[in-house]
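I have a structure here, written as structure tokens, and I will follow up with some questions on it.
The letters A, B and C name the chains in turn, as written, and every chain counts its residues from 1.
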Amino acid sequence: MIQQLILSGIIAGSIYALIAIGFTIIYRTIKFFNFAHGVVYAAGAYLAYALFFLLKLNPILSFFLSLAMAALLGIAIDRLAYRPLRKHNAPSLIYLIASFGVFIFIQNLIQLIFGAQILTLRTGPVKEGYNILGAVITNIQVLIIGVSLILFFLGWLFILKTKLGKAIRAVSDDPVGARVVGINSERIILVAFAIGSALAGAAGILISLETNIEPTMGLNAILKGIIASIVGGVGNIPGALFGGLFLGLAENLGIWKIQAGWKDTIAFVILIIFLLLRPSGIMGVKTEKEKI
Amino acid sequence: MNILQIQNLVKEFDGIKAADVLSFEIEENSIVALVGPNGSGKTTVFNLITGFLRPNKGRIFFERREIISFSPYKIAQLGIGRTFQNIRLFPQISVMDNVMLGLPYEQGESLSAALFQTKKMKLEEEKNYQKAEELLKVVGLEKKKDELAENLSHGQRKLLELARILALKPKLFLLDEPTAGLFPETKKVMFDLIRNLKDKGKTILFIEHDINSVMDIAEKIIVLNYGKKIAEGKPEEIRNNKEVQKVYLGKTNL
Amino acid sequence: MEYLIHIIIIAGIYIILSLSLNIIVGYTGLAALGHISFAAIGAYTSSLLALNFGVSPWIGLIFGAIFASIVGLIVGFPSLRIKGDYLALATFGLGIIIYSIARNWVSLTRGPMGLPGIPQFSIFGYEISSVWSYLILVLIFVIITYFVIRNITNSPFGRVLKGIREDEIATAAMGKNVNKYKIIVFVVGAFFAGIAGSLYAHYITFIDPSSFTVMESIVVLLMVVFGGMGSLAGSFIGASVLVIFPELLRFLGMPSSIAAPLRQMIYGLLLIVLMIWRPQGLIGRFRFKKT
């Protein structure tokens, strides 16, 4: 039992980490809680569904095409909703409310197109799994954990090693300085949205190999992604991995003795405890208090 | 008699010592200037006195009473009023309301007074409206009373911030660069207002970069550098102090 | 005609919600995103009291409002430490926790099955069951809420609230106990949201958790923002327009599988457009600003 819960925790955790890293990459450049990230995750799952089942493309192609389209969706969101706000120099709460607007709009667009009912990306019956240390794990679950961790590390490498990744860090840490050395922050924001959204789309597709998809799936996802980020320290990439796994395990081990329905409650209690006691998270730098 | 007494104050910000075993006293009904180069810890001292920052070590007495553990609002109620280096007004409400927010209320500010729109509240409100109007006249902003504070010019904002703190009627005024960025005429108005306060029995501690004005108006000057007090004394003593000259060398025409 | 009255009753309930959120968000500037959970507490408290103990809905309504304001008090405390976006997130989280309690504490709330057969209000033994009489009841509460919130905001107390919205630090420097005001504002806002929830429960006579999702909180926020933060008339307009307008879609003969998501899409679009072109809302003056 406990082994199975740990396994569920790791699966959930690696998905949360994948959502959180995409969220973090975007957050680094725009510095607000982009709720619309969750709806990109949902869109990823639905795009894959459409390509695979409706257009009958091959699964690998469907996967990568969906990622590309998720990236485009992220870019479109930024261009249409957030960029005008940047021109107005709006405060972050305005962005936050706008991102709710984007979220609601796209979620319901998905519902309009695909209907409110549950769909699935699974093609056959669930196969029997392997027994590892007392937990039963299926091929699909291995795939989910493996691919999400690989994508996580690719995202991390991208930020650490590539020129664009470095530019994102520069824009994040010192926006004025970045402009001085000739970094075009609009272009960097665009790149961050593309990469971050592709990762969100990937998380949405991976989870739907295991569970059903529905238009409302994005809200829970982004909330968990944000909680994972806050636990790890907002803006911190290793923190996103730690936070994701921590949250996944805490949720699943938390329901060892109580009903599964309380999972969300556990997650949000963790959120509020962190916000009150350690808003900078485990690995984040201490948030700067307003200078008077 | 001392109105304010600071003893061995220490405040660190990740390694930087913004106040470094700092002690001084302020005589009641005097005008004292706090000077020092940028980043020497002047504003930090104000924040410590008014409770917006807590020191790592040290004690602060206001009228012989230790105030180190008090919240900012409590300290303001005790009689220390301050202005801010970066002007903190209430931008999206009227100039009048800005001043009225500084005025202390006896009964009118309670929830029940608001709920039942009590007579007492309305009377107090009327009285305070007139007081605020007078204060706006004092700083010359009576014509702007219905404007939003955000629509004022920089100089008008500085004056409004002063009017607001006058409304609070503190015994001790802490003014953080009250004349920064002002035109000479407005500067003169500001300093006249400060002198007036002293004549009314108030005590003023102010931060100022323009050394000539400081020499002109202050009775005592305290000089900070890297959070340490390097000199304290009458203007002429400070003018002739070697260490102060070293710190200011090439920076101002002391 | 009955249908039209029904819509006005629902609009009235949303007006109470919007007014009570406006004092928190629009006047005091606290980003609270879990307002509907106070309504949930009011609704569940008075329904359960009526169903399990036969308590009169009138008394239940008062208990519901008081219990909601106690929770408001509890929610108010994080607002003393957490600011801005993080407060938005925390209140959002609290909203989800309360929703999830309604859903999972099955032995108390019957979870997703909901509570059917909630009794209606009655006066001198007569049930207030016709929409006309309920309309009058709701309007009375709208008027009470309006006058209470207007009185609060139109006073030195209300001026301090605006001070907190504009600059908390400067407000404290003026000798105002900012924390006390913030807590009171949450308590008052939650109280009236609790009333709105209870009115809803005894009107529809059935509640389940799905009436109190976080999306519902966002819709109330949209009403406040749309009408104008810090404008009471704005809350009337915001709530009325956003309740009545989607009904027009229904009149166009659209099936609900299209009308429902379309309505939400319009809400979403409205939020984006407002933030870009008119963050102060239709008739408001205040908007969040960069500090």
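The rule is short, and it goes like this: a residue touches a chain if its C-beta (ideal position, glycine included) is under 8 Å from a C-beta of that chain, and two chains touch if they have at least 3 such contacts.
Just so you know, these numbers come straight off a predicted model, no measurement behind them.
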Of B-C and A-B, whichever chain pair has more C-beta contact pairs: B-C
Furthest chain, CA centroid comparison against chain C: B
Chain whose Cα centroid lies nearest the overall Cα centroid: C
Centroid distance [mean C-alpha coordinates] between chain C and chain A, Å: 30
Intercentroid distance (Cα basis), chain C paired with chain B, Å: 41
Between chain A and chain B, centroid-to-centroid distance (C-alpha), Å: 48
Two or more partner chains touched - positions in chain A: 292
Multi-chain contact sites of chain C, meaning residues that touch two or more partners: 169, 287, 289
Where chain B touches two or more other chains, by residue: 52, 84
Chain B-facing residues of chain C, complex: 148, 151-152, 154-160, 162-163, 165-167, 169-178, 184, 188, 285-287, 289
In the complex with chain C, residue positions of chain B that touch it: 50, 52, 71-73, 76-77, 81-82, 84, 88-93, 97, 100-102, 104-105, 108-111, 113-117, 121, 124-125, 128, 164, 168
Contact footprint of chain A on chain C as seen in their complex: 31, 78, 81-82, 84-86, 88-90, 92-94, 96-97, 100-101, 103-104, 111, 169, 214-215, 218, 221, 225, 257-258, 260-262, 264-265, 267-273, 275-276, 279, 287-291
Touching residues on chain A, where the partner in the complex is chain B: 292
Interfacial residue positions of chain A with respect to chain C in the complex: 32-33, 80-81, 84-85, 88-98, 100-109, 111-112, 115-116, 219, 223, 226, 230, 259, 261-262, 264-265, 268-269, 271-272, 275-276, 279, 290, 292
